[in-house]
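Input: structures, listed below.
After this come two complexes, each holding chain A, first together with chain B and then together with chain C.
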Partner chain A sequence: MDESTPPPPDIDAYTPPPPPSASTGTPTDFLKGVVGKKVIVRLTSGVDYRGVLSCLDGYMNIALEQTEEHVNGVVTNRYGDAFIRGNNVLYISAAEPL
Partner chain B sequence: MASQILPLELIDRCIGSRIWVIMKSDREFTGTLLGFDDFVNMVLEDVTEYETTPQGKKKTRLAQTLLNGNNICMLIPGSEGPESDS
Partner chain C sequence: MDPSSSGIQEPFDLIRLSLSERVFVKLRGDRELTGVLHAYDGHMNLILSDVEETIMIVDPIEGGMDGQGTVKVAKRKMEMLFVRGDGVILVSPPSRT
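== the complex of A and B ==
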């Protein structure tokens, strides 16, 4: 087989689907990208929870591991595992590069 | 009325540009809009959070952030937020 033979035209015309990526930008894509990473969760009360995001659902209910509770920038509590009910969540922010 | 545009279409056109988000409470965000969903939960990048307290305005810098749409009041496209001159 000649190495320089171009591929058949039907393969040439085929456009593969875009690779799955965490950078298309929708909330679902963002959440897929941050599971397992360190995050900052701020509640509407202003309290921060920093930890590793283990899982979450469409209500923004969140399970965190190695959780630190921050009030006004000071660590006030540490929890091994924590569950946060979604209605309290103001935002979820990536604490390390995605 | 061929040029009618829906509110969420307007936000869709803002994807990739800076946006100023004002919450129901004394809290504001600016950032680059990466995307949003039907609830107007928003994914922002290079975010600054502004918190108005009796002690003054507190600024927090954040990386990529998913902002809960539940408490969002107003969106201002193309603005750098409370510190812009306009």
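== the complex of A and C ==
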């Protein structure tokens, strides 16, 4: 056991982690990235809203365009514009590649 | 400026542009409103006039699947209404096209 201890790591051989790719960043970076893209907004009630994210604020209030309301996978309503009050939001999912 | 955002910088701009217009409001408790928007604030407290409220009343069927059951729709009209903001889920302005 005493003869088999590995050598200490060579400090000079340390390679830093790669720079962040486009898929990493803070939650805020993600949200900035999806503005203007198609998103799926799920509310805590389970209702989904699919549309183009026009903007959002610090309360996670959301403005969507060309919005479809989906309940149990069925389109139940369409809105040209929709304001969603932030407290109802469960998540925001990108519906197209960023 | 993102061309898709059509001049809206924050979500409340949508509401501001809908003042004096007829809006659709989805509320907690399976209620919907349409009415003319007179005022709002940062809580989304709303003042609406010429309001029609639509209430979906779901009678769950015994042993039925989730989301099934008979749905009754009740409507009523109000001249002037204050809506407390915490009940608001969604506000949709008239189409701006």
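The rule is simple: the second predicted complex is superposed on the first by the 74 of 98 C-alpha atoms of A that agree within 3 Å, B and C clash if a C-alpha of one lies under 4 Å from a C-alpha of the other, contacts with A are read in each partner's own complex, and residues count from 1 in each chain.
Here is the rule we go by: a residue touches a chain if its C-beta (ideal position, glycine included) is under 8 Å from a C-beta of that chain, and two chains touch if they have at least 3 such contacts.
In this text the structure is predicted, and so the values were computed from the model without any measurement.
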Combined model on chain A where chain B meets chain C, clash or fit = fit
Is A:N87 in contact with chain B, with chain C, with both, or with neither (first, second, both, neither)?
-> both
Now for A:V52: first (chain B), second (chain C), both, or neither, which partner does it touch?
-> second
Overlay on chain A, chain C to chain B nearest C-alpha distance, Å | 7
What residues on chain A does chain C touch that chain B touches too?
-> 87
Show which residues of chain B lie in contact with chain A when the two form their complex.
-> 15, 25, 27, 34-37, 41-43, 47, 51, 62-68, 70-71
Hey, which residues of chain C end up touching chain A in the complex?
-> 2, 4-6, 8-15, 24, 44, 67, 85-86, 88-93, 95-97
Contact residues on chain A for chain B in the complex?
-> 23-31, 34, 40, 44, 46, 60, 87, 89-95, 97-98
The answer for chain A against chain C in the complex is residues 35-36, 43, 45, 49, 52, 54-57, 61-63, 65, 67, 71-72, 79-85, 87-88
